[in-house]
Amino acid sequence: MLLQVRDLKVTLQDQGQRLRAVRGVDLDLAAGETLCVVGESGCGKSMTALALMQLLPRGAELSSSKLQFDGIELSKLSRHKLSALRGRRISMIFQEPMTALNPVFTIGDQLRAVYRRHTGVSSAEAQARAIEVLESVGLTNAELRMKQFPHQLSGGLRQRVLIAMALMCEPEMIICDEPTTALDATTQAQILRILKEAQSARKMGMLFITHDLGVVARIADRVAVMYAGRIVEHGSRAAVLRSPAHPYTKGLIASVPRPQDGGTGSKRLASIPGNVPAFHHEDPRCPFLSRCPKRMSICTREAPPVRQTEAGQQVACHLPLDAQEALTA
Amino acid sequence: MTIPALTTPSLPEEETLTVRLGFWRKAIAHRTFLFSGAILLAITLVAIFAPMLAPYDPYAQNIAMRLKPPFWHDANVAEHLLGTDQLGRDYLSRLIYGARISMTIAIGATLMSAIIGITLGLVAGYFGGWIDTAISTIITTRLSMPIILIALAVVALIGPSLQVVIVVLGLLLWDQFAVVTRVATQQVAARDYVTAARVLGSSLAHILFREILPNIRAPLMVVATVEMAHAVLLEAALSFLGLGVQAPLPSWGLMLSEAKTSMFFSPWLIVLPGACLFILALAINLVGDALRDLTAGGRG
Amino acid sequence: MMEIRKFSRILGLCAALGASTAMAVPAYAGPEDQSITLGMGEDFPTLDGYINTARDGVVITMHIYDMLIYRNPKTFEYEPLLATSWERIDDRTIEFKLREGVTFHDGSPLTAEDVAFTYNYWADPANGARSQGSVSWIERAEVVDDYTVRVIAKGAAPAALEFVAGSLPIYPSDYFQSVGPEEFGQKPIGAGPYKVESFGDGLVKLVAYEGYYEGGAKRTPSIKTINWRIIPDTATRIAEVISGGVDWVWNIPSDQVEQLQAVPTLDVALASTLRIAMVALDAAGRTGADNPLTDVRVRQAVNHAIDRETIVANLVGGDGEILNAPCHPVQFGCDQSAAVIYEYNPEKAKELLAEAGYADGFSLKLGSYRDRSRAEAVQSYLAAIGINAELEMLQASASFSSWREGKVGAWYGDWGSFSLADSSASLGTMFDGSSNDGARDETVIQLIKEAGSVMDPEERKAKYAEAIRIITEKAYWVPMHTIVMGYAYTNALDFEPTLDELPRFYDASWK
Amino acid sequence: MLSFLLKRATMAVVVMVNVSIICFVLSNVAYDPAIGIAGAQATDEDLALIRQTYGLDRPLLVRYGEYIGNIAQGDFGVSYLTKRPVLDMIVERLPVTALLAILSMALALAIALPLGSAAALWPDTIIDRLAQLLAVAGQAIPNFWAGLLLIVLFGVQLRWLPISGSESVAHFVLPSITLGTFAMPPLIRLIRAGMIEVLASDYIRTAKAMGIRPFQITFKYALKNAVLPVVSLSAVQLGFMLGGSIVVESIFALNGVGYLAWQSMSRSDMPVIQAIVLLISLIYIVLTLLADLLNAYMDPRLRSARK
C-alpha cells in the first residue's frame, strides 16, 4: 500500500476560535490507483491534501495515528527530509494555475530549479529533462515556452507546466487539488487525459480532490465522499455512484442535472436544504445529522457505525442496509 | 495618469462607510492606541496649561545661575528640577513652553495643509477630466521638490518667525491629504447615494462636504497624524538650522541648536529637548498606526 | 535572474563597508611627522591676502606671505623682515632697503620690482582690495635699485608702518601678472615660511618652504605641515579638538573654555585681544529714516539698559574688561576718560524711552554672530525695558554684511582693527562715513579725517578724544567690552597666544 | 512599453517646467535680486542702475524665457558672494552629497531588507516586534538630534570615528547612519508587508510543494517579488535624502551641496539657492523615472504590457 492515513485531524485558528476542519479521516492509496475525494467546498478535502504534504497554513494543528507513505511516517520527518521528499517522491498541483507560477521567473528557471534541487544535475541536463516532460504533457514548441514568463501563457498551458513540474522527478504519488475547476470544459478534458496518461505511464498513485462528480465518473478507481471533515462513504466508483448508501451521497448525486430527464430542463434542480455546518469542538456523531432527511433518534445520540454494503463500499450511517431504496426520480 | 502610488490605505466596503460609535469601543481596546493616545493627550494638556505648570518664566534669565545640571547630577540646584541653560533660564519651564510651540505649529500646519489638500483632492476626485489632470500635475510637482529645502529657502527669504514657519509648512504638507482624498472621492463618488444626491439637485458643496467627506474621514485621520508628526520634526529641523522659530522662543529644535556648543559637558541640554521631540513624534505616529488598524483594518 | 551568490555578495558588501570603516584612524598625524591640524572657523573664497582680510585670512596671510617689516607681538616694535632697514625721507616718503637672496616659493628672487608692483597694483581701488583703509594712503612705490624701494604716501600717513607690517604682503610680480588675480588667489606664491600645497574642499594644506631665508623676525618653522581645516560650526570644532580630530582650535566661547580645562589631553587659554565688542546702533536711519534709534534719547536708553558688568563677569570671562569708548585702550589715541559713561539703570532707560515717545517700547532687528549666549543676554536686557529685539544669529561674514547693508537696527558685533595699535584702525574705520559707520556724523567724520592726516601725536590724541566725546555723548554705540579669545589645543603642543590675536604656528613646536 | 515611457517622460518635463517656474518666482518676485547683486551699501541710484544693466526691469515672462535659455546651456548664474558660476560650485560639491546619499541608502537597505524579511518570516516574534518598533521609532527620531548624539558618543567619548570633514569613507559612517535612519522606516514597513503578502502567495506554496529549499524560497523566489515596490520607494527616498542632506551636512561639516545650500540661505545668496532647489528637484524627477524603468525591467509583467 502506497499511502496509509489513519484518523487524520486538522484544526485551524479562525479569529481566535479553533475550527476543526478535518475530524478523523482514514485514506488508503495503492500504486497506480486513482482515489477521488469528493465533497462540497468547505468540507475539508483541500485541507486533507495540504495535511498530507504538511503545507498547512500558519497556526494549523495536525494529528494522526498513522500518516505513512511507502512505509515512511510523514509526520515524524524533519523539515529537511520532508522538503527532499516533496516534488521528488510526492508531488502536488493546485486549483488556480494563474497564480501558481512565480511571475518574475521564466518557466525554464522554475522547472530547472525543481529538477536540479532533487538531482543536482547541470543546468543543461535539467533543461533537456524539462523539455522532455513538457512535451510529454502535450506542450508544443517547449523550447520557446521555457524562455517565456507565466503571464505570457493561458490558464490551460500554465496547468500543463505545473503538471510537468510535478512530474519532473517521476514521483510515486501525485496529489491534485481540483486542478481543473478553474479551467473551461475542453481544457479540463485535456488536463484529465494528460493526468491519466501520466499516471498509467508511471504507475503513479493519484489522490484527486474534486467537487465535480462528472470528473469522478471519468477518472476515479475508488471514491471517498467527504462531508464536514469526515468521510461518510468510500468504495469503488461503480459501487458509490450507482448504488450510493449514505443519504448525503444520494443527495449529492441527485443534485447533478441529468440531460436525459425530459431534456427541457424544466424540472427544478434538486438541492440539499441548509448548508455545511462548521465544527468548533469534538462531535463524534454523523456530520450530516443536521440536514439528513432520514434522521433517526439514534443518529442524534451515537456515532454511526461503519458497515459494508453488498456492492462493497463502506458507509458510516445508522440506517439499516436493506432499507436502501433504489434511486428515486 | 499615474501618480506615484504611495501607500494609500485600502478602503474595504463596510469599514469606512459608517464610522460607528463601535469605533470608540474598539479603540479603547486597542493597546497601542490607549498608550500613545494617553501620551499625546498629556503633551497637549502640558501645552495648554503651560503657564500654570511651568515653575518659572521661561524667558527670565539669571546669568549667575548658568548651566546648572538637572536633579540626577550631584551638583544640581534644588529649585531648578531640570537645571538651567546657558543663560540661566529654567530648563523645565522652557521644555514645557516648548511643548506649546511644537503643538501649535503641528496643529496649525496640519490644519492648513488638510484644508488645501482635501479641497484639491475633492475637486480632482469629483470632477475628473482636465481638472483632475491639472491637480494631479500640481501634486506630482509638489512631490518632486524636497520639503526641507523649499521650506528653508522660503523662510530664509521672508525672514524666519513662528507664523512664517506655520504658513510655510502648511503650504508644503498637503500632498498626502490630496492623494488620499482624490482616490477616496473617486471611489465614493461612483456610489449610488452620491448620484442620488446629485439627481435630487443638491448643491455641489453639499455633495462634497456632506456626502463624500464624512465617509472618508477615517483615512484622513490617519494622514493627519502622519503629517502632524512630520510638521513637528520639520519645525525642529528649521529651528535647529536657525531658520525656524527665533530666540528667545523656547522651540525644542532651537534649544538643541543653542545647546550645541555646550553638549560635551552638559549633555542633558541636548538630550532633554531631543527626547521630548522624539516622544511627541513617536506618540503621534503610534496613534496614527493604531487609527490605521482600527479604521482600514489593514495589517499592522 | 538574481543568483543567490549575487544577492549575498551585496549583503556582504554592505556589512564589510560598515565594519571596515569602524576602526579607521583619523587621516592626520600629529607630532610624529611634525604636522599640525587646525580647526579654523572662517571659510575662504580665496587666499589672496588683499581680498581675504577676515581674521583667519590675516592669520593665513602671515604664514604664506612676508611683509617688508614685522611688528613684535609683545613689544609692538617694528623689526626687519623682507626689508633689513627703512628710513623716513620726508613726511610722505619711506625708503626700504631689501634683504638679498630672498626667494619666492617658486624659487624666483624677490626684488624691489616685486615690492613696487604689489604696492602700486593694490593702491589702485579699481583692483578691489577689500579693506581700502590699508592701501588708500599709498600714492605710488618707486624702484630705486634692485634692493631699494621708496613708498610715497598721498599725505602724512602716521600709521603707514602699521599697515606695511600688518596688511601688505609682497607678491611675485611676474607670476601674479601671468595667472591673474583670480587664479593667484586659488594657487598663491609668496615669500613666507609656508607654501600652499593644496586648497579646496574645506582644507588648506601648508608645507614649510625649505628655501625660507634666515635672519628675519620669523623663525624657520619647526612644524613642517599645517592642515588648515575649515570647520565653521563651533560645536563640531570643540568635538574635534576633544576627540583629537584636530590639534588646535580657537574662537571657543569662554564658558566652554573653562569646561575644556577638565579634559586631560588639552591646554586652554583665555587671552585678551585688541578686539572690541559693541552694540552698534543705526543712528543714521539706514534701516528706515524714522526708526526710533535715530533719537539720541532712545540710544542713551539702550546704553542704560544693558548690564555690562554681569555680561563681562559671566559671559566674557578671562581678563575681559568693560569699554566706555569705541576703541581699545592699548590703541594710540584711545582716551577712555574722554567718554561719557552710562551706568546700568533700567528705570532711567524706561524714562528716556517714554520721554522719546516710546513708552510702550518698539521692536528692532538685532544682528550678531560670535557668541549666542551674549547675544541672547543683550536681547533679554532690551526686552526688560520694552524693546522687542528679534535676534538674527548668522555666520561672521553674513552678519557683518547685514550691518553694512543696513538690514539690522542694532548689531552686537566686534572689530579687531586688523590688530593695529592705532585708533585710526578702530575709531578711524568705524566712524569714517563708510558702510561700517552707523552714525555718519559729519563732525566726527571730519575729526577722524584730520586725526589721520597729521603727524603731531598730541594733536592726533586731542582730535580722537573730541571724536570719542561726541560719539559717546550722542550714544552712537553701546561700547561693551574687550573680546577674550578662547583657545584649546593638545597639551603636546608648545604654543603661546598673543595680544594681537595672530597665532603664529611657525613659532609653535611639538614638546 | 513605449507609450508608458512617453507618458512618464512628458509628465517629467511638465513637472520640471513647474519646478523652474517656482524657482524663478522664488528668487525674482519674493526677493529683489538687485539688492543681492548690489551687495554692500547700495543707494537707490545704484539699485536702479543695476536693474537697468541686468535688465531686471523687463517683463517677467521675458526674463523667465532668458532664465530657461541660460539653464538649458548650463548657466545657472553667478553667486553674489563668491562671484563664481553657480554650476561649478554645485558640481564641485555633488560627489560628497551623492556619496552620502548612496551610503545612507545602502545602509538603510542593508538593515531593512533582512529585518523586513525576517519580520515577515516569523510574524509576532521578537524580530517582528523589533522591526515594527524600529520602523515607528526611526520615523520619530529627529535626525539632527541623532547626529549630535552620535558625535558625542562615537566621536568624542569613544573616538572610534571622525566627526567632520569628508576625507575618507570613515568620515561618512556617522552621517550615513544619521541620514539612513531617515530612510529606513518606510523601507522596513514596505518590505515586511510585501514579504508577508508574497510568502502567502500560491507560487510560494507551489515552490514548497516542489521541495525547493527554504532559503532559496525566501531569498530568491519571495524576495525578488517583494523587492519590486522597494525599487520605486528607494528612488523616492534617495530624492528626499538629497534634500535631507542639508541638515546632516551642516552638523558633520561635510562639504556637500546641502551644506552649500544652508550657507547660501544664511547669506540669502539667491542664485545658489535657486540652482540647488532646481537641480535637486530635477535629480529627484530623473530618479523616479529611472525607478519606473528599473521596475518595468525587473517585473516582466510590465515589460511587455502597456501601462
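Per-chain numbering from 1; labels A, B, C and D assigned in written order.
One rule holds for everything that comes next: a residue touches a chain if its C-beta (ideal position, glycine included) is under 8 Å from a C-beta of that chain, and two chains touch if they have at least 3 such contacts.
Everything numeric in this text was worked out from a predicted model, so none of it was measured.
Chemist: Suppose every chain is reduced to the average of its Cα atoms; which one is closest to the average of all protein Cα atoms?
Modeler: D
Chemist: Please indicate which chain is farthest from subunit B, where distance is taken between mean Cα coordinates of the chains.
Modeler: Centroid comparison gives A as the farthest chain from subunit B.
Chemist: Nearest whole angstrom, what separates the Cα centre of subunit A from the Cα centre of subunit D?
Modeler: Result: the chain centres lie 53 Å from each other.
Chemist: In whole angstrom, what separates the CA-based centres of subunit C and subunit D?
Modeler: Here subunit C and subunit D have centroids separated by 38 Å.
Chemist: In whole angstrom, how far does the Cα centroid of subunit B sit from the Cα centroid of subunit C?
Modeler: About 45 Å, centre to centre.
Chemist: Per the centroid of Cα atoms for each chain, what is the distance between subunit B and subunit D, given in Å?
Modeler: 22
Chemist: Where in subunit B do residues touch two or more of the other chains?
Modeler: Counting only residues that touch two or more other chains, subunit B contributes 242, 260, 263-264.
Chemist: Would you please write down the residue numbers of subunit C that are in contact with two or more other chains?
Modeler: In subunit C, residues 233, 235, 239, 242, 394 touch at least two other chains, as defined above.
Chemist: Where does subunit A touch two or more other chains at once, residue-wise?
Modeler: In subunit A, 105 touch at least two other chains.
Chemist: What residues on subunit C touch subunit B, complex-wise?
Modeler: Checking each residue of subunit C against subunit B gives 233-235, 238-239, 242, 253, 255-256, 259, 262, 310-311, 314-315, 372-373, 375-377, 379-380, 383, 390-394.
Chemist: Okay, in this complex, where on subunit C does subunit D touch?
Modeler: Result: residues 2, 4, 7, 11, 13-15, 17-18, 21-24, 26-27, 43, 45, 200-203, 229, 231-233, 235-236, 239-240, 242-245, 394-395, 397-398, 401, 404-406, 434-435 of subunit C touch subunit D.
Chemist: Can you list the residues on subunit D that touch subunit A in the complex?
Modeler: My answer: residues 123, 201-214, 216, 221, 224-225, 228, 298-301, 304-305.
Chemist: Which positions of subunit D touch subunit C when the two form their complex?
Modeler: 35, 39-42, 81-82, 84, 92, 96, 103, 106-107, 109-110, 113-114, 148, 151-152, 155-156, 159-170, 172-173, 215-216, 219-220, 223-224, 250-253, 255, 263, 266-267
Chemist: For a test of understanding, state which residues of subunit B touch subunit D in their complex under the given definition.
Modeler: 1-2, 4, 7, 137-138, 140-141, 144-150, 152-154, 156-158, 229, 233, 236-237, 240-243, 253, 256, 260, 263-264, 267, 270-271, 274, 277-278, 281-282, 284-286, 289, 299-300
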